[in-house]
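Got some structures for you, see below.
Look for subunit A in each of the two complexes below; its partner is subunit B in the first and subunit C in the second.
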Partner chain A sequence: MIIRYLLRRLFLLSFVFVAATCFTFSLNYFYPGDLLTNFSGIQQIDDAQRQTLAASMGLEQSVVQQYILYVQRLVAGNWGLSFATQQPVIGEVQTVLPATLELAAYALLVSLVIGIPLGLLAAIKHESWFERTVSTLSSIGYSLPVFWWALLLIMLFSLHWGLLPTSGRLSVLYEIPQVTGFMLLDILLAPVPYQTEALRDAIRHLALPTLILATYPTTVMIRFVRDSMLEVLAQNYVKTARAKGLSRSQVLYHHGLRNALLPVTHQVGLQFSTLITLAMMTEVIFSWPGIGQWLISSIYQRNFTAIQAGVLVISSVVVAVNMFTEILHTLLNPLARKDA
Partner chain B sequence: MQLLDIRNLSLELATPEGLICAVDRVNLLIREGEVRGLVGESGSGKSLIAKAIMGVLNNRWHVKADRFSWNGQDLLRLPYEEQRRIISRDVAMIYQEPSRSMDPTAPVGEQIMESIPDHVIQGVSWWQRGYFRKARAKALLHKVGIKDHLTVWNSYPYQLSEGICQKISIAMAIAKDPKLLIADEPTTALESTTQAQLFRLLASLNQLKGMSILLISHELETVARITDTISVLYCGQLVEAGETATLLKRPRHPYTDALIKSVPEFQPDLAFKQQLYALPGSIPTLQHLPIGCRLGPRCPNARRECVRTPQLEKQQNHYFSCHFPLNRSDDE
Partner chain C sequence: MKNWLLGATSIALAGLLAGCNPPELSSTTVDGIVYCAEGSPEVFNPQLVTSGTTIDAISQHLYDRLIDIDPASGRLVPSLASQWTVSDDGLTYRFTLRNSVAFHHTSYFKPSRFLNATDVEFTFNRVLDKSNPFHFVATEYPYFASVGWQSLVAKVTAVDPEHVEFVLNQPDSSFLSTLATDFSAILSAEYAQQLQQQKQEPKLDELPVGTGPFKFREYQKDVLIRYYQHEDYWRKAVKPQQLVIDIVPDNTKRLAKLLTHECDVAPIPRMAELSMLSHSTDFHIDEQTAMNVGYWAFNTQKPPFNDSRVRRALAHAINRQNILQAVYFGQAVAAQSVLPPNSWAYNDKVQAPAYDPETAKELLAAAGYPKGFSMDIWAMPVQRNYNPNAQKMAELIQADLAQVGIRARIISYEWNTFRRKLKDFEHDSVLIGWSADNADPDNFFRPLFSCAAAQSGSNRANWCDPTFDQFISNAVLTTQMEQRRSFYLAAQQYLIEQMPLLPIAHSKRFLVHGQNIEGIETNPYGGINFARAEKRP
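Coming up: the complex of A and B.
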């Protein structure tokens, strides 16, 4: 049954990818300029090159044929050259994507680590000053615009107190070879004498963007977990468990926690797209060399191949994470398996 | 020996419009080994009383009682935790919607094992406790008539039928050998064959183990079949209580009388397609309760005196609260 479910999900996933590639493929026709340039990213094309390129992209054949060739190129890793740098786009994506994923992952981690306990406590201490404080703070955090909040914290922590750097991932003093693209991991893997210093510096660079990016998902998590727990506590089975003679903590631990926290997996998937959008803004503010900043600057430069690649990669990541959390939720939650 | 003796239990709900008295000074008396029925329309406060006994009402309810004695011990004098300890040791409850009273994300076996209290496995060495609990849980399943315990054990509540769920919740309820089992409309979600099985099970628990049962239902005919005594509620007021046979034969309160007359099974000489007897009007909402006897506006015998709440009168073991009781001539 599980296998069937997974196959069905993957089948659905393939449709999403077909739709995304169809979209990016058609973009090439809508962009201004030469079709061949849009596809390949090569700015100056001489006649001989034009012949071979047109043949390899099947420009004389039907659109369907062209699309198939396009997908084949994508799969083979030939995503064209960047308009701006004349370097392969896929190489640039490989450098910028991990930076975003790293930032988003830490923000997500922070939101889970802070949001879940606070939400649970708020629900358990229902109608107390603690709950009211947490609710108020989470309402404020929920409605703070990220760019304003970021500027505020930069002013405070970087300019006023001079505690944290304002931009970048790592001070230029340290040179760390890229292996995984995840800075902390790379530093740990790098055979350099200044490992601890570099690590400390990277964490100082990470702190502010992570904090700012985590604000929104944390508040969402607090509200979600609190509501979920309150709902569970009002259920009949909690009353039954109390009537069985279990103590309050036993009821909370055995019945409350699991039922309240299972939907959180699903919630993480739903929040991920918002998180990526916010990550883009945070990256621009902190000059974080991630895919968001890269994509936005590509849009300014009308770097069509890069825009295509960015759209494709971000949508794939979001859809894949969504799918992954949904599958995880189904595996963990017997109630979700009921409908699977 | 009186097991449970409640005097003047009032349950008030705090609403924005003020306190609403949903249950008004109800007495309830259960002897050891007795099966008592608690009958009333939906909304008459039957389930509220049961929940109040179990102590699982949420804190919007104000519970008051003049006496709440359990097994000769006055619980009102004890601290809250002690009350809960005694009640959860001795009283168990099964609910109307069994599948909703089970944790939806925990396998059934785990839930049954959890409901076996620690004092049952006292004296068992700790490395054998898990095994012992499991064996006992299986025995419980067999006792309530589930033969195929292996399938049930690893199932989640949604995978089982309501009938099986109700049997499991009975198994969980009797796991601690309670002195009193409160069954809150245990058969509403079930088919009639399962209903019959369930009543047989309850009756055998009562006869073999001497377990007292408080059976809450709105169906007088099913309650009449297996109970020794019946209490009738209307709108949160106790209208009549007494031994089942006498109460059915000679009801003293007009509401009980109407209730009996509305059941075709109690009317052997009912003609074909004849209208069943029913009181005019319908049960009032909680916001618009009449003062005095709450049946007043619907009562065929109501007079001016009925705006005062009648005192509970006692004749032998028969209690009723009416200014103008029926069947008076037989006594006097």
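Coming up: the complex of A and C.
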């Protein structure tokens, strides 16, 4: 049963992948300029090269054949050269993607760590001053435009108090070789004498962007957890458990929490695409060298190969995360498991 | 999205910055200087570029030249060449090289010997000799093309390991200045040979090896360039362990990083931001009159501008003081001649026409236009150091001209179209300017006023005057400094009389650094030197 469910999800995933690649493949025909250049990213193609390239891309064959070759190239990791740097795009993605994932992961973590307890507390202390404060704050946080909020915090924390740096992942004087692409991990792996110092510096660089990126998902999480908990507490089985003599905390822990938190896994997946969009803005404001900033500057430079790669990678990551949380949700939730 | 986001960021930050005087962020124990630059370099070899951003980022740090320009006096001083002689006919230049000059020892190249004459020979033959295996690795050598290197230099030969000889086709007294520019950086022949064996020729321009105070460590496009100290530098020991060029294209972000001391040094071109920084005791602003001129050129082949009285009348009609205040915010000097005052050939007796609408009207009447006429003013669409806002300047000029009865229309096109149309001389008059590449006064005259330049299109006044051409060609044929100077003095006098263009201003260049940074050397002709820079704790 569960195997069939997973296969069905996998099939859906591959369908999304086909749709995305069809889209990026057709972009090559819509972009202005030479088709070969759009596909390969090579700016100056001489005649000999032109022939071998055209043959390897099957340009004389049907469009379907070309598409198959295109997908084969994608799978083989041959994503063409960046128009701007003439370096393989896949290498650039490997440097920028971890930066975004790192930022998004910490923001998500913060939103879970802060959002879930606050939401639960707000539900338990229903209609108290505490709930009202939390609700008001989360409404404000929910409606703050991210770029304005970011500038406000930069002004206070960086320019006014001088506590935190305004941009980047690490002070440029520290030289940390890229191994995993995740800054904190890379610092721990780097054989440098200034490890602790660099670590502190990296965390200070992370603080503001994480805080800003976490604002929106935290408020969503608070509201969602609160509502879900309130709903669970109103259920008959909770009332029954109380009536049978279980203490309030026992009911909350054994019956309330698990049922209230189940939909949260699902919610994380749904929030992820918003998170990535917000991450792009945060990256631009903080000059964070992630995939969002990279994609936006590629659009600006009409760097077609990079745009394709960026679109494919971001959509794949979003879909994959969605799929993963959905599967997780199904595995954790007996009701959903039964439906599957 | 990026546009509005950046716009919003800039406006908001600029507003927010104004009220702040932030405390310093805790500094690191890693020794190094951070220079925040406005853009990424195109390549790492100055032979291939003319863009100021690239030159600032690479030239002075990685390379040395045969001779240098002393920033204080503007005179040529020995660098890699300890001395040089010029033959009596002015055709043969012989340089004696310094001993024990070490090339960079990097992860990709281990030099086995010191600098010798073959390195110099290779460097210049790469540009000159089409059979050189590296010549066609690059598509063009723009600076060398602009000084006519191919027709000027007959050959470059290494006489013996210590001596190198340049033979010219005709005498040219600006030749030494060309060798002193940032473009004439000396490369390593041994490194080139190694690359050739590895069939990696393009690497010559990507992974640099030079003799300069810093050696290349890493480059991440649009992020940073990291240089390490060159331990065996032939001059005095280099002070910073590292030099990091942090690439921050956005002006406001650069300012913010300067305020939080994430940057130690940064160029700040915008006047409004400068005035804000000047109130802070935390920063030092280095200002320097750059070797440039912003001017208003008249198309001297079109009536009524073919009459020098009309051109002089227009010059008298303009309130330049007003322009200096409104367009340059007082951060420029009024130009009297096309040459900036810090040039050795500057004629301090020359005065540009003073603001005097009455004289202008008289001159117009004398030329047969008592009621004035209609004309076009072309305003360049981009910002340059020498003219930060041509549109505004055109509006001011338009108002001034109306006072003397001239009806002016302001015209602008997209920058490429603008330059193409200028080259075809479709304009009546144009607001544009010129930045010099070297200290030689010739760089202001031949490209701007010669008959040859009128043909190639860089002479925006379309002005061809045999008397003037005689002055400037005589000046480059003589090697006698005093004689040259007298030719240039006369040329400047003649220009003010003929007025093919009205010089408006020489703008300044600004570099801001924290008070705790010492020993930065800037040069009006080129890049910044950090070899002696030090950060106080």
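The rule is simple: the second predicted complex is superposed on the first by the 340 of 340 C-alpha atoms of A that agree within 3 Å, B and C clash if a C-alpha of one lies under 4 Å from a C-alpha of the other, contacts with A are read in each partner's own complex, and residues count from 1 in each chain.
In this text, contacts are C-beta pairs under 8 Å (C-beta built on N, C-alpha and C of every residue); 3 or more make two chains touch, one makes a residue touch a chain.
This is a predicted model, so every value here is computed, not measured.
Once subunit A is used to superpose the two complexes, subunit B occupies space next to subunit C without a clash.
When the two structures are aligned on the shared chain, A:Ser167 is found in touch with subunit C, with no touch to subunit B. Ranked by how many residues of subunit A each touches, subunit B and subunit C are led by C. Using the contact criterion defined above for the overlaid structures, shared-chain residue A:Leu230 touches neither subunit B nor subunit C, since it reaches no partner.
By the touch criterion defined above, A:Leu121 lies against neither subunit B nor subunit C after alignment on the C-alpha atoms of chain A. Of the two partner chains placed by superposition, only subunit C is touched by A:Ala84; subunit B is not.
When the shared chain is aligned, subunit B comes close enough to touch A:Pro334, but subunit C does not. In the overlay built on the shared chain, the residue A:Leu159 is in contact with subunit C alone; subunit B does not reach it. When the two structures are aligned on the shared chain, A:Ala243 is found in touch with subunit B, with no touch to subunit C. Within the superposed three-chain model, A:Tyr300 lies in touch with subunit C and out of touch with subunit B [touch as defined at top]. With chain A used as the common frame, the shortest Cα distance separating subunit B from subunit C works out to 45 Å. For the contact definition in use here, the subunit B contact set and the subunit C contact set of subunit A share no residue. Put simply, subunit A touches subunit C in their complex at residues 84-85, 147-148, 151, 154-155, 158-168, 171-175, 194, 197, 201, 281, 284-285, 287, 289, 296-297, 299-300. Put simply, subunit A touches subunit B in their complex at residues 234-237, 239-246, 254-255, 258-259, 262, 333-335, 338. Considering their complex, residues 1-2, 5-6, 8-9, 12-13, 16-17, 20, 22-25, 28-30, 32, 34, 217-218, 220-224, 226, 242, 244, 246, 248, 253, 256-257, 259-260, 262 of subunit C touch subunit A. Partner subunit A is touched in their complex by these residues of subunit B: 51, 54-56, 58, 85, 88-89, 91-93, 95, 97, 100-106, 114-115, 117, 156, 158-159, 169, 172, 176.
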